[in-house]
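I'd like to ask you about the structure that follows.
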Amino acid sequence: MNDGVRAGRARSSVDQEDAVLPPPQLIDRERLEADARQLDVTWRDPGGLWGWLTTVDHKSIAKRYIITAFLMFIAGGIQAAMIRMQLALPENNLLGPDRYNQIFTTHGTTMMFLFAVPIMNAMGLYFVPLMVGARTIAFPRLNAFGYYAYLVGVVFLYVSLFLNTGPDAGWTAYVPLAGPQFSPGHRVDVWAQVVTFTEIAALAAAVNIIVTALKMRAPGMSLNRIPLFVWAQLVVSFMIVFAMPAVATASTLMLAADRAVSTHWFNPAEGGDSLLWQHVFWFFGHPEVYIIFLPGLGMVTPIVETFCRRRVFGYDALVLANITTGFFSFGLWVHHMFATPIPELGQSLFTAASMLIAIPTGIQIFCWIATMWSGRPRLTTPMLFVLGFLFTFVIGGLTGVMLASVTFDKQAHDTFFVVSHLHYVLLGGAVMPLFGAFYFWFPKVTGRLLSETLGKWNVWLFVIGVNVAFFPMHILGLNGMPRRIYTYLAETGWGPLNLLATAGAVVIVVSVVIFIVNVAVSWRGGALAGPNPWASSGLEWATTSPAPSYNFVHTPVVLGRHPLWDSVGPFPVITGLRTDRREVLVTTVFDARPDHRHKEPDASIWPFVLSLAMGVTWIGSIFTPWAVPTGFAMTLLVMLGWGWQSSRVTDVERVETEDRLVEAE
Amino acid sequence: MMRSRLALVILLAACSGRQNALDPASAQNRSITALFWAMFVVAAFIWFVVTVAFLVPAVRQRRTTREDAEPALELPAETSRRQTRLVSGATAVTVLILLVFLIYDFGVGRALATHPARALTIELVGHQWWWEVHYADPDPSKIVIDADELHVPVGQSVQIKLVSRDVIHSFWVPNLIGKRDLIPGYTSSIFFTADRPGVYRAQCAEFCGHQHAKMALDVVAHPAPEFSAWLERQRAPAADPSDSLAANGKRVFLSAACSKCHAITGVEAYGTVGPNLTHLATRRTLAAGTLPNTRGNLGGWIVDPQSIKPGARMPSNQLESRDLVALLAYLETLK
Amino acid sequence: MTAPATIDQQSLGDVAELPTVTFGHRTLMWWGTAGFMAIEGWTLAILLAGYFYVRQNFVGLPPKPLDHPSLGVPTINLLVLLLSMVPAFMAARAARRLDVPGVRIWLLITSLVSVPIPVLRWYELWALNVRWDTNAYGSAAWLLVGTHATLLLLDVFDTFGLTLFYWFKRMPVKAMSDVADNSFYWYFMVLSWIPLYLIVYLGPQFL
Amino acid sequence: MSLRCRNAGWKRGARRTSGVRLAALMASVVLIAGCEREARRFQESPPTASPTGDPLVVSDLQPGPAVVVSNVEAPYDDNAWAVSEGKSLYNAMNCSGCHFQGGGGIGPPLMDDDWTYGSEPQQVFASIAEGRPNGMPAWKFMLSAQQIWEITSYVRSLSGLNPKGARNARDDHMMRKPPEASTPNARPKNSTAPR
């Protein structure tokens, strides 16, 4: 231990902000207790329905986010089960083509837009502030607004589905099939608007996470000490900022316009171009995949560290891998279009890029394996999920490399080989780490541990189920089975493997049911966790489980990459933030030196109202373009109210401007 | 282990068939398949190595001594040096393998991109949900229009021109060549040379609406002389029915809705909405590879296509039973 | 709530002396604003890419027999926009000096100068001399100008709101920082318009 | 209203109940509209509108009392998919050969407010099924009632006689005319239908 602290000190002594620190002084208990009580009064949001609607606590919002997104996982899973049932036998009549098209489109849309991206964002919104030792997130009201916008999208999609208005042109909504001529009615409009809502939510979350991770880190947490999960969230948030506008443009400003006000973006006869859609969509669509699984990789690191009892090997390599993956992911979209008439040279370039991106991912996997070798892994459920992730994800990654080859891709493209590949990558690369993370951080959210016994069942069935369900699809694809077909003739001989895949799907369902039972039982009845049940190293474990509304009594000070492993004796903190109002410490971007104190807003209803106003606008715009100006006016009024509320004179501030410091109201 | 052995068995069993990418019937697909197997073997090996690499530390007998339970913050120098060597070595190997793949792929791509100067040109038009096939010929009277069946000569390079009239479709004959999309507003083409006779099944590979699942195409590879003989037969107009029943059927065909959508060369039927029926009786399948071409199926298809291909453009026809019998008799004369 | 207190904590310093209101890139709001600038700028960039993509499908821009976009209104509006940056800048400066009367005056002037902008923008759309549903060129041009117009409108009303507040209610000193950020965002709206003006209105003359 | 709203308590109560009722109403409307509008009816045999007793109306000049036409509900007027099916049939059956894209030429225009034989669904149906003098063929031998109804709804959409939400926004071909969704509703001038 001691050499560890010396290491921490030694490493930190090179950073000036530690050098200027005065000699530490112990804070006596009474003061701590008093501060905690005062902070609780200041930061707790009102109770009751009103409090529920107005809360801006990043934890309660993120908790809702996670729960809603997981419900979407279940909904999408039910659709997947229906698809598997329909395909289990040749010439099956369970679902007609019309119903089937709505189901598989909703499955894709739900899993990509309403489950995967939101739940990864939500994990960030919950844990990034805790991991960087902040009292809350940078823009709490924006955060709440984002959640409600997302919720509107969720409700809208599912109400439409039950009104026989579910989108039915595939989650990629290729034109001209999704255009006004071949998709009459409002089904595709629903898709376009749902996408818009989720874009808004994702962008709100991204900006929030970026600013929190860059400007609100605990003193001493210089860039080279940011936890890897936060790094992943930061990189992903930047990716969202540059990827999501593409799909928002494609769906709202191009497709919806084509369908509602007869623009000609995609009408070849009037100078439009159906390939334009594919370019813009995949410019978003490929980064999307990494937006979904980079956070997954970020969750693996703390789990490996904690259960191997070792610092992760190659922190710098892992950070660089994250960043380079983020960059490259914008340079591969064309490998989704190899079957379209585009120049050979361009194809070769994108092949090279698509293979290149395997390198950073490979490096990360090697680093984790090296860490495991140096330590003695404890096979808890989170760790088992990590092993399942390595086992499964590597297969997906390797088929990904195969698909990068233009010549082979033209055989596998749009077949069940690709279906299999993408499910290996997303279930293996994102969902398995996510389940691991659920088991790992559940105590921090609820104060109680999930049952390990059920957990073991959960992980084994899930890994087996996924592989049984999706491995046969590789072969089906090579045997000529295209994706998105609602049935197939017996003579194709695809029956047995499809039946096997369906069996695997059943196993997955069982596993997920076990998880739900586990949560239901443990939420109230699980073993009490205490602040740091896994003896882990991150700042989120330095406070109670569940964390109080104010996260930390005093802002922690960070002396190394593993705060709880590096510091010995009394926990190092910094004092002086006011406890009688919602004040957070803003630090500098690079070495996180204390810069100023910032007053965060109190509970507010306006985020909820604003999301409703926007909901009315977008949904109305499907039926009449006049909804846009009307809703716009409404939105402006709401923003006026929002501004009015936030510009109340509260108390005396210390203003620093043009190098002078003045007290003013 | 069990699972992977099972998978292996299935894999080996799954390497032949008339709609199978791993059962090549063309020079082009032989090189693609070779590339696939090369990548597959390497990938399988990598996966095996990685799996072993993380399973060993996970399962090896462990006695948790105190320094294991407590985080060892600084590893012994040689340990971390070994780690560094291993990780950078693995990374180097990864880069190397990717490089080899890349070069191999470019090689295959180059091979596929080289076409002979002159190739037989066939135009393929995608419709929701059937295929229209034009065999080009400088002499307009010799142009053949067929549907849902693509005939090619063995050993001769064929250029397929791809056009779509409505939405995006994709042409894919697994045994012969990778896919190419039919995109409205674009004309693209794809080359291949079948090198053994046979009937290969192709199926639309880009989601194109309700009946995407039932939009198949039989590709028939004949020896060259057989092919030209077939083409010659196709050029002939429909013979006039000899027996009275068939003659009756012809009247039905012209008076009912049929002739509005379907054309028959040599008859007053010019519809271009549906498949050309001049040589319907010679086709192997009906409704784009959905049904074998038998009298019963044909009757069922005419009377009630919507329960066979819900959403298909072919309307159901309420015909008097004797009219139907006559119509079938006539259609069967279209050899 | 007492659990954290059970962990002994030692203070390595005190931040009570730090300011609570600052300006510019030190503040969270500045970073948030910058983030949304990035998002909106990127959206316009993607639309621009779409504009050039469909442009390939036409021989000559604008395709015959359409007229070139007329330059009168757009040029006037461009000048008004550029002009409006001056009072915006003055307002920001006054805010930095915590000079409330100055902020009031300059905000008012900014608002007055921005009143004609949305109106001119409406005629600017028709100055394209093509309808959005005429062909893809029309669609691209309308969507480009229209999207920028929407963002512009939002910020104009934002300025109106601030002006309203500063004239009719007592504003907290931290709002000064918002005034500065509002000007900051306004510069972005104006500057991002210049390339669009050059490409959409002047472009057809030379491309 | 304003008078009665003086009583705040009553007002609140009233607002609540009316709100609930309104919500319920809207919900049911949306529900019905949704299911009705978006259904893809691949195969069904709706009632024909002719020759069920409605005498053909050749012109407005009639001996005796004005002809009363029984109102058959148009089954597809607000089903976007059926209308678009009608459109593809309109082209497939070469209606455009005489009526062009609705502008008329050899046959009368279909996108204006002038209806020689009536604009009501069942009248349009009759015109298509039975044919009309001067060259309009009778289609009942060629097309099923469902198809004729689909064409009927499309023809009516040409002059905006069916709900806007069910009209076509644009096609993927040259714009010969403004799309149905953006054509102004033309109120039929001389329809013989009872008003």
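Odds and ends about this structure:
First chain written, first letter: the chains are A, B, C and D, and each begins at residue 1.
By definition in this document, a residue touches a chain if its C-beta (ideal position, glycine included) is under 8 Å from a C-beta of that chain, and two chains touch if they have at least 3 such contacts.
The structure presented is a predicted model; accordingly, all values stated were derived computationally and were not measured.
In this assembly, D is the chain whose CA centroid lies farthest from the centroid of chain A. In this view the innermost chain, defined by its CA centroid being closest to the centroid of all protein CA atoms, is A. Contact tally for A-B versus A-D: the pair with more C-beta pairs in contact is A-B. Taking each chain's centre as the average of its CA atoms, chain A and chain B sit 37 Å apart. Centre-to-centre spacing of chain C and chain D amounts to 46 Å, using the average Cα coordinate of each chain. The geometric centre of chain A is 29 Å away from that of chain C, both derived from CA atoms.
Those residues of chain A in touch with two or more other chains are numbered 98, 176, 182, 258, 261-262, 264, 267-270, 273. Residues of chain D in contact with two or more other chains: 40, 42, 170, 172, 175, 178-179, 182. In chain C, 133-135 are the positions where the chain touches two or more neighbouring chains simultaneously. Chains touching one another, given as pairs, are A-B, A-C, A-D, B-D, C-D. Residue ranges of chain A in contact with chain C, taken from their complex: 21-22, 24-27, 29, 32-33, 36-37, 40, 138-139, 142, 203, 206-207, 210-211, 214-216, 219, 241-242, 244-246, 248-249, 253-254, 257-258, 261-265, 267-268, 270-273, 276, 279-280, 283, 531, 542-544, 548, 552-555, 557, 569-578, 583, 585-586, 594-599, 632, 636, 639-640, 643-644, 647-650, 653-658, 661-662, 664-665. Within the complex formed with chain D, the chain C residues making contact are 133-135.
Taken in their complex, chain D has these residues touching chain A: 30-31, 34-35, 37-40, 42, 80-81, 83-84, 165-166, 168-175, 178-179, 181-182. Contact residues on chain D toward chain B in their complex (touch as defined above): 40, 42-43, 88, 92-94, 141-144, 146-147, 172.
Those residues of chain B that touch chain A in the shared complex are 3, 7, 10-11, 14, 17, 19-22, 29, 31-32, 35-36, 39-40, 43, 46-47, 50-51, 53-55, 57-58, 62, 64, 68-75, 79-80, 83-84, 86-87, 90-91, 94-95, 98, 101-102, 105-106, 108-109, 112-113, 128, 166-168, 170, 172, 174, 177-181, 183-186, 188, 201, 203-214, 290, 310-311.
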